[in-house]
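Quick one: the structure is below, questions incoming.
Which chain is which? They are A, B, C, D, E and F, in the order written, and residues in each are numbered from 1.
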Amino acid sequence: MDEDIRSDRPTCRIDAESFSHYREKLPGVVESILESCDDVECHTHTHIDYEPIPSRESVINIINKLREILFPGYFNNEKLDPVNLRYSMGQSVSVLFDMLSEQVCHSIRHDCFRYNQSCTHCVEKGNEIALSLLESVPAIRKILATDINAAYDGDPAAKSHDEIVFSYPGVFAIMVYRIAHKLFEAEVPLLPRIMTEYAHSITGIDIHPGAEIGESFVIDHGTGVVIGETAEIGNNVRIYQGVTLGALSIPKDAGEQLRGKKRHPTIEDEVIIYAGATILGGDTIIGRRSVIGGNVWITESVPPDTRVLMEPPRLIYK
Amino acid sequence: MDEDIRSDRPTCRIDAESFSHYREKLPGVVESILESCDDVECHTHTHIDYEPIPSRESVINIINKLREILFPGYFNNEKLDPVNLRYSMGQSVSVLFDMLSEQVCHSIRHDCFRYNQSCTHCVEKGNEIALSLLESVPAIRKILATDINAAYDGDPAAKSHDEIVFSYPGVFAIMVYRIAHKLFEAEVPLLPRIMTEYAHSITGIDIHPGAEIGESFVIDHGTGVVIGETAEIGNNVRIYQGVTLGALSIPKDAGEQLRGKKRHPTIEDEVIIYAGATILGGDTIIGRRSVIGGNVWITESVPPDTRVLMEPPRLIYK
Amino acid sequence: MDEDIRSDRPTCRIDAESFSHYREKLPGVVESILESCDDVECHTHTHIDYEPIPSRESVINIINKLREILFPGYFNNEKLDPVNLRYSMGQSVSVLFDMLSEQVCHSIRHDCFRYNQSCTHCVEKGNEIALSLLESVPAIRKILATDINAAYDGDPAAKSHDEIVFSYPGVFAIMVYRIAHKLFEAEVPLLPRIMTEYAHSITGIDIHPGAEIGESFVIDHGTGVVIGETAEIGNNVRIYQGVTLGALSIPKDAGEQLRGKKRHPTIEDEVIIYAGATILGGDTIIGRRSVIGGNVWITESVPPDTRVLMEPPRLIYK
Amino acid sequence: MDEDIRSDRPTCRIDAESFSHYREKLPGVVESILESCDDVECHTHTHIDYEPIPSRESVINIINKLREILFPGYFNNEKLDPVNLRYSMGQSVSVLFDMLSEQVCHSIRHDCFRYNQSCTHCVEKGNEIALSLLESVPAIRKILATDINAAYDGDPAAKSHDEIVFSYPGVFAIMVYRIAHKLFEAEVPLLPRIMTEYAHSITGIDIHPGAEIGESFVIDHGTGVVIGETAEIGNNVRIYQGVTLGALSIPKDAGEQLRGKKRHPTIEDEVIIYAGATILGGDTIIGRRSVIGGNVWITESVPPDTRVLMEPPRLIYK
Amino acid sequence: MDEDIRSDRPTCRIDAESFSHYREKLPGVVESILESCDDVECHTHTHIDYEPIPSRESVINIINKLREILFPGYFNNEKLDPVNLRYSMGQSVSVLFDMLSEQVCHSIRHDCFRYNQSCTHCVEKGNEIALSLLESVPAIRKILATDINAAYDGDPAAKSHDEIVFSYPGVFAIMVYRIAHKLFEAEVPLLPRIMTEYAHSITGIDIHPGAEIGESFVIDHGTGVVIGETAEIGNNVRIYQGVTLGALSIPKDAGEQLRGKKRHPTIEDEVIIYAGATILGGDTIIGRRSVIGGNVWITESVPPDTRVLMEPPRLIYK
Amino acid sequence: MDEDIRSDRPTCRIDAESFSHYREKLPGVVESILESCDDVECHTHTHIDYEPIPSRESVINIINKLREILFPGYFNNEKLDPVNLRYSMGQSVSVLFDMLSEQVCHSIRHDCFRYNQSCTHCVEKGNEIALSLLESVPAIRKILATDINAAYDGDPAAKSHDEIVFSYPGVFAIMVYRIAHKLFEAEVPLLPRIMTEYAHSITGIDIHPGAEIGESFVIDHGTGVVIGETAEIGNNVRIYQGVTLGALSIPKDAGEQLRGKKRHPTIEDEVIIYAGATILGGDTIIGRRSVIGGNVWITESVPPDTRVLMEPPRLIYK
């Protein structure tokens, strides 16, 4: 840190006149942005209305609050002990009911508005679906227990169940999927996808809320995993990083043609799929107890109890 | 929760003397860290000076604030309606002008200082570049509209344009790239890269701000995508997760040799590149309307209207 | 925004009676969740106790605070200058000592409780290990300097060392690994893994804290990198996105059988491993100065000074 | 700081058993408080209902936000300049409209509920009254200008108008009164009083929102000033700390008997009332241009242009 | 806003050299303040120690949290309804137990340290006293009901009980006194006084926690009320702003001589004391049902059923 | 809580049309407020300019930060112990220097602008005055020690010095005065008064920063105390609540006539002034060791060693 040199450095300041020269152009900028808000082309990503829209931030808060009651004592701000457990849980459930009711209602109402449907009962449906999701918490806890046990049993690097709950990205992604899937089944717009894409951004694991996934499901490491909307996965399945359960090649206007069709594979019970494997197509079925090797590329069904390996490409040693 | 067992557990406390024994060593620790701040070897990651340095946190705030005006009504804390639209937009633009001016100025000044150049006009340049970026907002909105429409048209899992705006990581990564690219063109140091690496950390999509990318660009799923500094991408291009547009193998001292040279491929209009494909080299051109299959590895040019698939390695079924 | 249409839209409200109908079911929901907290099956992810548990949020704060003293002046909220450097550093070290002591103590105590061991000296050990980690800060700074220099020298896209410090995910992941590894060596439970999985969620780079990694280590782009618990990496190694240093195929009950065994490869000095390469097995050694090409799949040792490329699969042009 | 002594001090810790002994009594405490919530006696200060109640915190936020637009540029978080003035003002007005509408609506609805009236139009009335208050902002600004000028002209200690705006408690109390009085006139329950009592807590000046006060009103120092509900004050009046404009002595059950009657004095134009003076009674009129001396106690009218002094009690010098 | 004039104004900037000239003197300033921390003279207001000290901020949080459970539904951040009441109350009680235990413990321990006593059982005493205070909440609620009813019955300006609960400073000051008095009786150091002085700063009403006050107590307006440590007040007493229940004149070294002696008056049931009255001395008793007029100065006892007025000083009309 | 009754209550909702009816009037409201910002009459309380203005919030932060270093260990967020004392103090001083420099500079520059003076050296003066205030901290600590000791010695209700530091409003008001007086002497505009009026709002004690006050000064209870700009107070003076040291009666246009003249009394050493006494006039001197009784009203000098009591007005007993 040579002070002498530093203090010789020329410093540059702007005079007040120049400053206002720039700043006074801002109203023009504002008007041109406002025009762009009226621009029909840009209506895809402009929402100016008296009706509320779901809030991504609130949805993230809901996920984090749900995590507190799905894994009690691990992520709460305050210690949970036998004395305050009921109170804390009760407050969380009460707050979650209100948050969920509001966001479900907003997403239903927003959809009606976009498609100009006559919108009825959105508040009541918000309450009903929020209640129903909360009622399923014990069942979700039970299935998450199978996921966590399976993760522990199969991973020599796991030192304890706590380590898995606290830090495994696979567990977080599966938890979010299991919540979002309930809302997807209840046909709530927007929310399920906002939830799983939040998990995607945290974990690199992209599970579409429409997928059907059984118990004792394990995703190890997980970065780059993609599980498509119509994929079906049985019990006791284990997959590694970079695995894709995807659709076959997709034409330009696939959106309209294929919406709602079965496009992603079915994975039966006790299958293991190693890192980087790609399994594509709605008719592709991987039979029970099969093992799919790393980097394998599959577009046709595999019978049960099969081990599929890639004949490794010849390596060139120079 | 068996209380009787619990209360038998030995508890261990530290006495005050032991505590101060450890704590009193802290000043020594501090001094050794301070010495390390003077250590010439460590000057790569030490910045102790009266001059300010850009703030990563502010740059992230700028991105989030820009997202509010690029997608009005989707990410604002408060509802946007026809009455408060102009006021809200005006305040956002005014605040962004100040935030951008300051960070651009700091990054220019910081650069001058590092390289001991005589620094002039950094405040004025901050204002000028901030204004210019804000003036380009309507144009960025227009090109983002093409990106969103293309994403909707090609993705059967997309339920609505809203779902795409709210949750698609590809849209976020492209938005950040389009902002950062403007600053890259204006030769602002540091900021463009902080911006795209922030998007990288959120989405797993790593687009260098120097890349040139046309309209109607889609990245689906996106985790693991890498688009290098000198890559060029035409209009209506669609790429999937794990696609790399990279450089050929890189010698140890590549930094100095290759800085500024064209090292990454050119992708012409209407190309589709499926998941995991790797395209390398500055002279490699993928011709218009070509389709590159999943996991394909390409280091040479592909003519237009070509479909490149990998002859799949033989699978071994056991 | 056609106001006339909008105001015709039917709005749906819920009457108070219906609202309380739903809300009054919440206590039943709460009780069923509480029952699930007593459920033995779910004890894997339930922690209701008077004893504290480590806090993931605090661990993340510790990482961010440590980053401030490892890279002084880059990530501090307040400017660091020659006048306030000692005070700021002293306060940071003092605060870190308390935060680290507490979290280390909680994780040791929590472990004792889970496994019903007689727990002694956990407070003292918390202080001791916290002090020891802080004492190693200058050494960590020195090795990080080698990492940053190596990143700069090998990357033509890097404009300055500052750009690397501010934005390279590889540098962040390596920094967190180097901290977590110290705690792993000190046999602190839970914390090291929470730390590296936090870095994983930010960067897509998954380094187990148990790995042994030398100096001048570079991870470029990084998304999808996995480095297993018993991997060993020499000096001057450079790896790219999607590289896996993993274990060979893993039986269902691998957790119990293989815990603690060497399962991941050894990478000697000056090796380069290109994107997507997979190297598996505890006996696999990649000899010094070897270069492993992109997407190569290796399960056996490679002698020094070897260049391993995949004979590329034949491409089909249609 | 003698360390040796300190470390000898016995430290006292509680064992886990004792701790749970106390903590396990909390549920009993909770139940007894809940019983007290059902206790009819305590219904005066218990509000457990699905209907919302006004929020004191929101009312305080409203006051502070209104202060920003009544004194533009003095209390804003962000600099107001000619460029952002309209946007900032517009946002403030828009936010205030929502906040005011909600709180007015809640206070009207809450009142209906308490008194079991059939409640109609409370949402609409909330909007109407909020709009009306905001429409009166320019008029309030104008009358506050007279208050500030009068304060400056009469106070040799005032260095500038800015000093008065920034720091004079009298100006803050009068500002709050002028807002609350508008809501009092609109017969909004609860809010006006919450507002003036907030000002009372900040300034020690207790002005009932029902009082009628003219322009160019000055309260100097102000602590202990009380101005009752039915007091009337003309233009250009100046009063000092500790002045009471109150009611005559009040029987035990005065509440019911006197509610709504004129009970507090009338002060005509250009009167000065010095510190500690007490003026009581609904029929008491202080005529124009009169001066009331310090500590004077008045329960009957005073004609115009009169100077009322207390014949000072004889002092005893020992 | 004349821009032309503004931009002509000379602006003054400091050069970097001058800036560092000032800033480099700060370490000297720091050292001189540190010396002052060692200065024996200043030990009255220096607390540098490993032992914690009560936190004024926490004590204020405790008061605000207690207000939420004493007046349920009025000051809670979230709506209280029949469904979440038990949970919310349970959480508040649980949190308050911890906060109170900690602060009571710190204040006892701090006292022991200051006076060098051997400190035992401070943690246990913290728990015990915290529990005991919470157990008295229903009783405090009951007596506050009498205070609120009395305020309503005697104040023609009170529009509803809600208005009183929400905004009357007298009710807040009495509530805080009733809490602090419990802790005073339990001989907790520091905390009771911090509590009542906090109420003093909010309301201008200064009640020493040692005073003994009966039920149905009303303080109207309240600014300037002082109620001394050994004052005793019966039931159904009503006092107005500026009333002092104080000690007779106090010699210089009164602190040591009079600590613990009865120095303040006794007010029997159903007494009314009007604004500004001063009643002094430990032997002074105001008999039941007496009425003390405004500004009266009393140093001797008054028999029951007496009306004491000041013969008003002659007024001089000029 | 009778649910049946509740659910019968009519609920009132507003339809969307009515809502927009009100909301669409807001732009008109905004324009009328903007006009009022241009209104010359209202320039007294309008500050729309590119130049910054002092921030009341920052000044309050400065006071609270200064309190942390004047009373080390009492009001800090984090525990101060012998290890972190220097670091914490250094950081506080460094931060305070910046905060003070900025606010002093803004208040000087703002003044120049208001009065259209050519403004020079305001940044440098900001630094200089900030440094000078911080240099006087040890001296302020020393004189505060005399104030605290005097408070303890004279107050039988004071249980410890800690109680005084933590909770006595007199000590807080005197502390703020001693800081503000330094800035007043340095002729800083606005700030000193914002500071003392902040203390006034917290304590009810209004000390003008221009007053001259000696050591061992005690204000007991304090509410309603007023000490005027040109008052002079010697050493070892003790005053009680409601004491005024004020100016004689003030003509309407006193502001201009009397600005800067000696208008308030002089109190010599060791004087005691009891509650409610009023002492007025610039020529009034209270001689050493005199005692002024409660409620006494004095406009002429009192010789030393005099005891002035009010011959009490005759009381009327009915």
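Just so we're on the same page, contacts are C-beta pairs under 8 Å (C-beta built on N, C-alpha and C of every residue); 3 or more make two chains touch, one makes a residue touch a chain.
Since this is a predicted model, take the numbers as computed values, not measurements.
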item: Chains in simultaneous contact with chain B and chain E; value: A, C, D, F
item: Recurring contact interface, reference E-F, options B-E, D-F or C-D [over half identical by residue number]; value: D-F
item: Chain centre separation in whole Å, for chain B relative to chain A (CA means); value: 20
item: Computed distance of Cα centres, chain D from chain B, in Å; value: 51
item: Chain A residues counted as touching two or more neighbouring chains; value: 1, 3, 6, 9, 11, 13, 16, 19-20, 23, 26-27, 30, 48-50, 81-84, 86-87, 89-90, 93-94, 204, 223-224, 242, 276, 295, 310, 312-313
item: Graph class of chain-chain contacts, one of line, ring, star, complete, other; value: complete
item: In the complex with chain B, residue positions of chain C that touch it; value: 1, 3, 48-50, 69-75, 77, 79-82, 85-86, 89-90, 93-94, 97, 101, 109, 112-113, 118-124, 127-128, 130-131, 134-135, 137-138, 141-142, 144-145, 148-149, 152-163, 165-169, 202-204, 221, 223-224, 241-242, 274-276, 291, 293-295, 310, 312-318
item: Chain D-touching residues of chain F, taken from the complex the two chains share; value: 1, 6, 9-14, 18-19, 22-23, 25-27, 29-30, 32-37, 39, 41-42, 44-50, 52-54, 56-57, 82, 110-111, 114, 189-190, 193-194, 197-198, 200-201, 204, 206, 208, 210, 223-224, 226, 228-229, 242, 244, 246-247, 249-250, 252-261, 263, 276, 278, 295-298, 302, 306-313
item: Contact set on chain E toward chain B in their complex; value: 16, 19-20, 23, 50
item: Sites on chain C touched by chain E in the complex; value: 23-24, 26-27, 30, 81-84, 87
item: Complex contact set, residues of chain E against chain A; value: 3, 6-7, 9, 11, 13, 15-17, 20, 78, 83-84, 86-91, 93-95
